[in-house]
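Look at the two complexes coming up: chain A is in both, with chain B in one and chain C in the other.
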Partner chain A sequence: MTSTAPAGGAVGGVRRRPRYLAVCLTAMQEATAYRFTAVFVVMLGFFWAFILYFLWEAAYTDTATIGGYTWPEMRTYIVLAFGINSLIGWNVAGAMQEAVRTGDIVLEMVRPLNYCGAQIARYLGYSTVEGAVALGLTVLIGVIFLGLQPPVSPLSGALFVVALAGGFLTRALFLFLCSLLTLWVLSNAGIMWAQQAVTLVLSGAIVPVTLMPLWLQGVTNVLPLRGIVATPLAIYLGKVTGPEMLGLLGLQIAWLVVLWLVADRMWRRAFRAVEIQGG
Partner chain B sequence: MAELRIEHPRRGLRGTVALYFRLQLVHLRASVEYRGDFWIGAAGATVYQLSYLIFLMVFFSHVDQVAGWTLWQVAMLFGLAGLPRGLVEMLGDGSWTLKHMVNTGTFDRVLVRPLSPALQTISSMGGIHGLGQAIPGLLLLIIGALLGGVSWTPGLLLFLIMTILSSTVLLGALTLMANLVCFWEPSARSQIPIMYLMLVDFAKFPLDIFNRGIQLLVTGIAPFAFVSYFPALVLFDKHTSWHWLGYLSPLVTIAVVAAVARLWVVALRRYQGVGH
Partner chain C sequence: MAKASADEVVVRATGLTKVFRRAAKPPGFAGALRHLVRPRWDDVLAVDEVDLEIRRGESVAYVGPNGAGKSTTVKLLTGIVVPTAGMVTVCGLDPFTDRVRNARNIGVMFGQRTQLWWDIAVQETLRLLADIYQLPPERFRRILDDLVDALDLAPLLGVPARQLSLGQRVRCDLAATLLHEPEVLYLDEPTIGLDVSVKARFREFVRRLHDERDLTVLLTSHDLGDIAHLCRRLIMIDDGRIVYDGSLTEISKRFGWEKSVHVALSRSEPSASTIAASMFAERARAVTQDSETELVVTIDSREVLPGEVIRDLAAALPVADVRIEEAGIESIMRRLYEGSLRFDGEPTR
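Our next item is the complex of A and B:
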């Protein structure tokens, strides 16, 4: 009688890596294979940063501050906002939508993994390669050409990194939730465009929150998306300090918990609704 | 005995145009079949365009004008670029299928059919998704035309209509040109055409704000400024040293179409199939 493979530990003498780490590392390898695409994705993001840079530069010829931002602060905001935006490339969720389209999603359903966790691990793997390239290029181009400012203090620099990590998870969970909708509506392009646009505006990526009209500020301030760009950059530029800063970080963490709980329930429901196309 | 009759495609320009619209009708019918897909796609594209509008409104709530251009005038630039882009997407976006066809060798089929390969390529994709770009573009155009401070005359209106037609053809030709790169650089993941077409975004803003390099880029190498900025100079009667370039748009379109037609022949000669 043959014995079945043990659930954990050694298989055939090779020690198995933790499952989610394995997913993450595989994604890293995938991203490395398409490294030119990674660079292109970054450059596509940069393209709009350049447009905004020139637009604001022209606006600052008449005035020293706009909405409380000086020109050096504004250009730092624009450049970093786009760097942060390219942390998660636009086609990371593409594989999942393709799986829905072809019916391969059924393979995901039989895997003994938390689908949400596995997808987040995948995004992490991709972003370690694509995001590293993106952020590296951003800082490089920013410092050389666009006069990028350093963080106001070492502490704000450190907390910026913390907020950035929280923002990454927020974006990953939001992207995952939007991609899950594909399982119900079977059409991904429209949802992805809308998702991108909503993220751009409500994260503060195209314009700082304090410049928005009040009604939009009200919406942005309570939603989780501001944690992606606006919160880390407000900390970086020293626009928020003390209790206000802690409040923003608290909001980010609270939303992360909520998003995780929702996402974790939703993928199970989505899998029940699944329709295998052409299967 | 009944004989199978093969209808020969009509030749000549008129026949080609008629056939082109017949092929397009097929795509329109196809996209109507997937109604949910269409509405979600159109809604998504509209939301996407809306995000630009929100940005513009926020920007201009803090700044009265940029390089002498007001919010409504910039909206006009967005419309002048967006509407033709949407029309191309609706009427002939098939250039984007070239990369796949050349890569997999299915382009062989295009070559053996008794129809112009260019016609087949351009009309191999299209549909009402383009409405998602065309409608917001049209709205911005109308807003800009009404609030941008144009003193309308019949001549100017005619100029606007001609500009839109010419821009649609120009953008279609440039889309095909950018996609011809697959005959030289057949990488399946090539992003060059996408990047080239993205340069049109520069032309959604007054060129005055950019440096000389970008100005030359969107005038010469990627002449998207002839779609929006230069015609807008004429419409808003802005007197700069290159004001007259606005009238050249149709000529640029003719020149680009002629150049792309030549390039197409060169590209076809390079096609080698994939060996089956």
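Our next item is the complex of A and C:
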């Protein structure tokens, strides 16, 4: 149980890290403690991907394209959308809300950190590890069994990664805002379910945006959540190029700035208005 | 930062007030539904115009019954909640508006919560904290070595927090609280649940720190041992108001007039308490018989002297042994909480 005891000096002598990076790296370390949970969750979730896969396969028996997607494109979309969606960072969302519910949030408030920034750093730490596991498994299974296609060009592959990172941050900020709501309602189950459902639909994780009813397309196209799944995949599959692609990336960045400003303002307001739980 | 003079006020609150809004829900599910449709709120006055001055190097016990407003005061002083009215400064900063800068000056430890990351080794949490406070590596190493030494942490550094016993966890948490060498230390029920020897070591360590480093300590605790060992000054709060602010010894002086005479009888005497009760009907506050050979007479030493009690008892009963007990701080506090003692007159500062 006990590992070998290092002397006190063993911890010192290490380099000083920028503080939010340190939070992120520590979160990564902690996430590795849950790597088996991560594998388990991803494997279990694959049922969902398989069901979608076969449904779409049936839909494609009579037609070559649906909503502008060929079957090889569609199956690539489904599998990758699933993989990205697995990076939900279930740890940190749960941790944030639990901290509010139990009042442990006081411990984070007495440290010299921007609360919002610290939470996002933590989220990125967890998600990097969980995401690596999820994407790794997805790509592996996808390539072997489900005919996953590579990105249309090296450039689209590279920009896919950029958009994916932006999507990560979008998701992190959105989750953070949802967890702030917990401060007012003091219970998290409902909010968690709601945000998950909304994210699934509006990010394009269930169906590509082009297959949505027109009114929903209109909504989805201007909202930030499409940056999580739809935007990276549109780039990956070459559905958008040139100015249109830059426009989508620009939208993502603009939303990130807005979300950050809202989140940063909202937690300050939240703490003004709300009581901290427990004695 | 210049080291200020010893009598510099580190924590100052004037008219500090906090009102919480609490949902006023009628009982039951129907009540909860009604609250959904038309929410009603009660105002709860948690802290009521508290005035407070704590000087550098002081160690103050902040006590009061459950729900008196202790924790809320600590949250106000640490900048976690915003005051409804009044003013508070800690080391010259407003803790709420200047939360981040204030956080560098203070250390906060809650006995019931842990700041250690649950699934990674303790040393990782400590290293993270060093980064958060941007301690230079050599300073981090020096402080950590001291803490490891004093708190005997060497065997614990590599262990994940979830595997620590409560006593070990509290020691690590204290190290995490002190790593950035705060000027003001808030301890909230720090020894709750600890066994006697761990408790003693904890107090010993905090006390040494206080003596050596001129640390300002604010302790909230229900453990009188903690209070007596660590603090000279005691502030008692009840219903959000300060009801006593003065030295710990002053309390015993002001309320320590209650004494009890414990008498051991040389032979069994079942009716001893009846005899004694009729003898001291006017003079004693209580007469109790613990067993057939033990009798306790509780008196107000301002009205009757223990000597008189002993003399009269010895004349009537086969007294073998006598012991006089003075009211300890413990019984005084218990009765203050219960409301059977009142502070009257000006509390001495």
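Keep this in mind: the second predicted complex is superposed on the first by the 260 of 279 C-alpha atoms of A that agree within 3 Å, B and C clash if a C-alpha of one lies under 4 Å from a C-alpha of the other, contacts with A are read in each partner's own complex, and residues count from 1 in each chain.
As a working rule, a contact is a pair of C-beta atoms (placed from the backbone, for glycine too) under 8 Å apart; a residue touches a chain by one contact, two chains touch by 3 or more.
Being a predicted model, the structure only gives us computed values, none of them experimental.
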item: Contacts of A:Gln196 with chain B and chain C, given as first, second, both or neither; value: first
item: First (chain B), second (chain C), both or neither touched by A:Val106; value: second
item: First, second, both or neither for A:Leu261, with chain B first and chain C second; value: neither
item: Which superposed partner A:Ile206 touches (first chain B, second chain C, both, neither); value: first
item: Partner chain in contact with A:Phe54 - chain B first, chain C second, else both or neither; value: first
item: Residues of chain A at both interfaces, chain B in one complex, chain C in the other; value: 34
item: Footprint of chain B on chain A - complex, ascending; value: 34, 36-37, 40, 43-44, 47-48, 50-51, 54-55, 57-59, 62, 66-67, 185-187, 189-194, 196-198, 200-201, 206-207, 211-213, 216
item: Complex contacts: residues of chain A adjacent to chain C; value: 1-19, 22-23, 26, 29-30, 33-34, 103-104, 106-107, 109-114, 271-272, 275-276, 278-279
item: Contact set on chain B toward chain A in their complex; value: 34, 36-37, 39-45, 47-48, 50-51, 54-55, 57-59, 61-63, 66-67, 129, 132, 189, 191, 194-195, 198, 201-202, 205, 208-211, 214
item: Chain C - residues contacting chain A, complex; value: 20-21, 66-67, 70-71, 75, 78-82, 99-101, 103-104, 106, 108, 110, 113-115, 117-121, 123-138, 140-142, 144-145, 147-149, 153-155, 157-160, 163
